[in-house]
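Residue numbering begins at 1 within each chain, and the chains themselves are lettered A, B, C, D, E and F in the order written.
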Amino acid sequence: MMLTPAMKRLVALALEEDLGRGDVTAAAVLDGDGGPARAVLLAKQPLVLFGLDVAAYVCAEVSAEIRVVRRIADGTLVAAGTVVGEVLGPAVPVLMAERTMLNFLQRLSGVATQARRFADAVAGTRARVVDTRKTTPGWRGLEKAAVVAGGCANHRADLGSGLLIKDNHIAACGGVRSAVERARLRAPHPLRIEVEVKSLAELDEALAAGAEIVLLDNMPLDVLAQAIPRAHAGGARVEVSGGVTLDTVGAIARLGPDLISAGAITHSAPAADISLDFT
Amino acid sequence: MMLTPAMKRLVALALEEDLGRGDVTAAAVLDGDGGPARAVLLAKQPLVLFGLDVAAYVCAEVSAEIRVVRRIADGTLVAAGTVVGEVLGPAVPVLMAERTMLNFLQRLSGVATQARRFADAVAGTRARVVDTRKTTPGWRGLEKAAVVAGGCANHRADLGSGLLIKDNHIAACGGVRSAVERARLRAPHPLRIEVEVKSLAELDEALAAGAEIVLLDNMPLDVLAQAIPRAHAGGARVEVSGGVTLDTVGAIARLGPDLISAGAITHSAPAADISLDFT
Amino acid sequence: MMLTPAMKRLVALALEEDLGRGDVTAAAVLDGDGGPARAVLLAKQPLVLFGLDVAAYVCAEVSAEIRVVRRIADGTLVAAGTVVGEVLGPAVPVLMAERTMLNFLQRLSGVATQARRFADAVAGTRARVVDTRKTTPGWRGLEKAAVVAGGCANHRADLGSGLLIKDNHIAACGGVRSAVERARLRAPHPLRIEVEVKSLAELDEALAAGAEIVLLDNMPLDVLAQAIPRAHAGGARVEVSGGVTLDTVGAIARLGPDLISAGAITHSAPAADISLDFT
Amino acid sequence: MMLTPAMKRLVALALEEDLGRGDVTAAAVLDGDGGPARAVLLAKQPLVLFGLDVAAYVCAEVSAEIRVVRRIADGTLVAAGTVVGEVLGPAVPVLMAERTMLNFLQRLSGVATQARRFADAVAGTRARVVDTRKTTPGWRGLEKAAVVAGGCANHRADLGSGLLIKDNHIAACGGVRSAVERARLRAPHPLRIEVEVKSLAELDEALAAGAEIVLLDNMPLDVLAQAIPRAHAGGARVEVSGGVTLDTVGAIARLGPDLISAGAITHSAPAADISLDFT
Amino acid sequence: MMLTPAMKRLVALALEEDLGRGDVTAAAVLDGDGGPARAVLLAKQPLVLFGLDVAAYVCAEVSAEIRVVRRIADGTLVAAGTVVGEVLGPAVPVLMAERTMLNFLQRLSGVATQARRFADAVAGTRARVVDTRKTTPGWRGLEKAAVVAGGCANHRADLGSGLLIKDNHIAACGGVRSAVERARLRAPHPLRIEVEVKSLAELDEALAAGAEIVLLDNMPLDVLAQAIPRAHAGGARVEVSGGVTLDTVGAIARLGPDLISAGAITHSAPAADISLDFT
Amino acid sequence: MMLTPAMKRLVALALEEDLGRGDVTAAAVLDGDGGPARAVLLAKQPLVLFGLDVAAYVCAEVSAEIRVVRRIADGTLVAAGTVVGEVLGPAVPVLMAERTMLNFLQRLSGVATQARRFADAVAGTRARVVDTRKTTPGWRGLEKAAVVAGGCANHRADLGSGLLIKDNHIAACGGVRSAVERARLRAPHPLRIEVEVKSLAELDEALAAGAEIVLLDNMPLDVLAQAIPRAHAGGARVEVSGGVTLDTVGAIARLGPDLISAGAITHSAPAADISLDFT
């Protein structure tokens, strides 16, 4: 994975906040660079690995003498106890890099693992689960890459790379029809017109106005069961959203939507447990 | 809360990643700045509020015309349905700021709420629950402030503001005694000497060497029950760590340690549900 | 216009490069802040104005004591001799800001003016002229806003906000059909599938594979005259590109494409002549 | 050419604005890094080459696996069809770097080519053509280097590296004499005293006051014909400025000035046509 | 004084390094913002004041609620015990800003005071004392401004704003004559040609080659006594340098040079003693 | 020494301020990169060396072709005339890096040398001399490292890594007792409680309240002679501060304190004289 300038700036922030004042413990109890060390990155739970490239970049920024060796490819589901990589270098810089490296790896693997759970929950249906813009501020690119590594897909990257008319836009425009028509006239041509609807009436209005994708927001399953085929009949793709969890995503998927978006993939993924063990 | 330069850099990253290419939807369906709007920040679950200062700074960076009015003080536990603040300004910049503002507020209130659960779980004991360095990279200062707002306390801020000898240091130094003695000679004087021990034998060695704080790591409850009074008898403060959860923290606290550290306060806190509703 | 963090960073670069070492002339010949001054921003040629918000931000960064007063709205075509704004403040900081302010204003108004020429050249046809990614590095957001102010439209903002399969992708995929099919399966759903074709044969292949937009690249007018209706018949939108100039754009537009993209709007727009005259 | 920190910050801005959200097309239609590729940088018009060092830095920032091979030295005039360099590396990062690399190269070669035209137009005279501060904001250092590569020379780099008293300074000081005298007393000693004059009367006043360089601004050719020898007789160097174009520069040069400054070298240079062709 | 972007970046570095992790003492012993406070900035030794604008900017960055009131103008020599300014605001942010504010003020006033000593030592002669590029890295602009406030003058700001041929250039060029001749042909015209000479023979060579300024480096007083009038007779200005101290500068000045440059003004100026006293 | 992101940002500032506009002299008198050069870093006075890693980083940022070879280890006291390192590379970039490299090296070696003087002055006593937060803004980490290299020790790194209750806190809290008690309850546990006292009465109050370290501020020697044993008897460590100089530090040390803090180590250390001589 290419690290963008924004990602590098996030790593710089992370290094500054943890070791900008040095490591008083290592300086007190070890001499010089502490001598050569070797440590393994160990998965302590089943997880989908993602983030070794960032971990390696963290190490490289701490010291040119650290080398990170990858053992497992990004996106692989590994069992607890798997060694996913090795870290070789002088003990002091490795200790200094340890926490920041792990914090990145645990969060990104946590997101990838959560994505895998969602992907598994819809397996066998036509739906694909996508992320949202509910990502950790500063982490958009990294978390979106972790989502893909886990087997889900990305919704728009930002406010500039997808056109999605939401309830507030509709209110301000005086209705679904008016909003969709404006978008068809004025939006950048590479973007499809997607509109959020909250009822069957709004859905009909959206289809009539020429929406290409309808986002069925917060509809109960029985309403979705009507809305989805009606939208397909109207020629639109269908995205479902609104409080989607691992418990509900399967039932939704079986109703036949094209896409299901879930903020929980990123905003509430628990960290995956990975440790760095010196050998 | 004063926003440090590092926090401002994180906000800049967040704004760039979401609206650095503008908002194609607002540009397509609204005219000009969209006209005056008013929206409320609504807690959709019980939560401990934290982060309105960051949310206000986000808005100010998007447009000098947005004003955020605080209704609830940081650190307050509010019921679902509480309006915690108001956002006033032209519709387009408010819509552009919405997601970034909420992403900060939801994560920080999530951490504060998680901290409150931990603090409540040890109420009535002498123990205080503290955070760790397992924070989201780039978010150290913000998450540590949220922990305090939620009623827990902060462990060291970084590798430079606390001396904590861990297992890897001990291995490299040839034993607990040697590591503690070096630290007593060489560490900055404002810092107490804290050392991690994994057994009663290591505990005794640490006490004999003059450790001021012992970190009892990953000990079962029955071992803790012996170790804690023994450490106190040796004149040391006692911190307990290792996979501490809301389920286990109460039982640990009742054994009498001074401090219990829990990475889960920060690394796995689910986002709190807060929305921005236009009125 | 909201200035994004990236735009502010560009202004910071610009200020550093011109006045980071101060202004030796003003320091030598004037005393203190030079006393109050008033200057007008004067269009010295017919032009479409764009960039006063940036100019005002430049001034504010140089000194909080400078005030920029707008006289003309962005996107307005003004005659030579029009006063488009006023600058009020102490003489020394105004002199220090002058060149940087003008450099932004001249380039952005130059782009807006060039865009207006293209827009005028296709007036009365169904085609809209769009920009490309051939913008001045560091200026993407500013120049794209100037294009809109001048009456043209924006193509994708960056590599992440539009899917456009070009000749090199096709070569690497083994053909138009294969590339389009992969994109339909794997691309983010908010994006339409656009593919560049260089011949009628490729056009047919693209339409058969389900392309939603076809980019007819570097085709002579007589080939375009066949390709455009054929693409429309196949249900696709049509973009034309390839060395489009003010001399050729009208003839192309009369053939009926939906879009014509022209790098020359941004990469070769001459600066508009605007001066700052003290009064 | 050494890339200064400011130049590197400009490149970072450029990369963020084009590929900060990744390349959705390459991700959709290619697998992994796309496999090894080789492409040539091809001059599609006669041009003076400048900017390969920046292009190589762009590539290196995108991926350490891309290698740029120079075929032609900076400042060389090449014929249409000349291969000026090669780009070797995995297809995906090369495609991601392509547009940014070309945008730098085309603009900088455009400036160098424009500079060459000006230099050629004054060949055989004693005049040298110099640039101005009318450069693209953020690009000062790069464009000034391109000017030299094209065969012209640099005027002052910024407000701190040359003393040039202009009409506004003169107005504020109460006259040419007073301004020049103040400058002689108070300016940094490494700088010559240059003053802009608009009439023969001002010229005489400047010479009497001890100006070392006179800038004859916006004078018609017949006035220049008197002013230049008079200035030389007074011991001053002579710079001519004011709307200088390729059409007028030769006639001015034949009147014998030392320097002719032309904003058009940088502010209105058309981009040179260079493509990246995969082989 | 306008703070340049570079100066603001230095202040950001300074704030991060001192209070990026907050102020644990204030947080522990005070409540909230600590309530309103008033403190005075007190000169504890005779000094030339410089830096209140930077101090005020530091405070503004820490909290918008702090106000700094100037009592004494920059460049004023004040007696010990003088109150030079007041700081008003909540106690906690004032305490957080205190050290950084004082560190800037003490260093900058230290430089201004040192400059005043040098200026006084040459009073009554025609020499002016100038600084060098031996400034604290990161502080160039600030220290050069302090030098002027103290009554000395600035040499070139950087490698781009003055042409000074030193011994190493001469060695590489094959002699003084060749170096000066190249410079006369190739240097930017706003810059005078200055050349360093170490002997009377080199001086003669420099004068013959047309040097406009000669830098007499590390010559004993008796050699200077011959060199200075000889240089003046040759039409050059004269700068003297090389280990100039307060003890030697007067005697040098009485020999009649135009300029004496002294690195000691900036690189070894002791901090001026200024305190912040709460009232 | 690992260079932190903050240190790298300081170097970037330093390079921009000196060579952001290039080197006009080298460009004028030399051709191309000037050809291969070799220079030695020469100590021109006895000094304790520190900073070669920063010097090497400076060179690497200027050009990848420069190589810095270390001859002497950091912290070594060398005689005048010692070659401490070599610089190899093309003449032009070496000349461009020279001044910035030396400015870092001279200041950091100046601090290390000053620290050595302080350390020597207390040799044979139990006291260790520590630095303060009176460091050059932007240089905190570098100067603290130089202090250690010179043989002194570090006090707290910043406001977050040490708890030190000063007179202003005491005033705001209503007395020493109250302040210490609050700190014991509310401070982060890794930090000892240190309190500044100005009289024997305050000392007694601090000891009674449980202070772990007392800072005896600005006490005359005869009062210190009473206070130090009294504090030790009360179980506290003792730090002495207040206008400590090389003249007074020895006498203070012989009274038996644990620590003596001296701002003069950093804020007024004269630069060490080091030159770069081409060979």
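FYI, a contact is a pair of C-beta atoms (placed from the backbone, for glycine too) under 8 Å apart; a residue touches a chain by one contact, two chains touch by 3 or more.
Please read these numbers as outputs of a predicted model, since none were measured by experiment.
Looking at the partners of subunit A and subunit F together, the chains they share are B, C, D, E. With chains reduced to the mean position of their C-alpha atoms, the one farthest from subunit A is E.
Under half of the residue numbers found at the subunit A and subunit D interface occur in both copies, marking it as a different-residue contact. Centre-to-centre spacing of subunit D and subunit E amounts to 32 Å, using the average Cα coordinate of each chain. Look at where the CA atoms of subunit B average out and do the same for subunit C: the two points lie 44 Å apart. Shown for subunit B are the residues that touch two or more other chains, namely 6, 16-17, 19-22, 24, 96, 141, 157-158, 160-164, 188, 191.
Arrangement of the chains shown, judged by which pairs touch: all-to-all, with no pair of chains left without contact. Remark: subunit B residues 130, 153-158, 160-164, 188-192, 194, 213, 237, 239, 258-259 touch subunit F in the complex. Residues 6, 9-11, 13-14, 16-30, 34-35, 37, 91, 95-96, 99-100, 102-104, 106-107, 110, 133-141, 158-166, 168-169, 171-173, 179, 182-183, 186-188, 191, 263, 267-268, 270-271, 278 of subunit D touch subunit C in their complex.
Subunit E makes touch with subunit B in their complex at residues 12, 15-16, 19-22, 24, 61-63, 93, 96.
Of all the residues in subunit B, the ones that touch subunit E in their complex are 2, 4-6, 141, 145, 157-158, 161. Subunit E meets subunit A in the complex at residues 16-17, 20-21.
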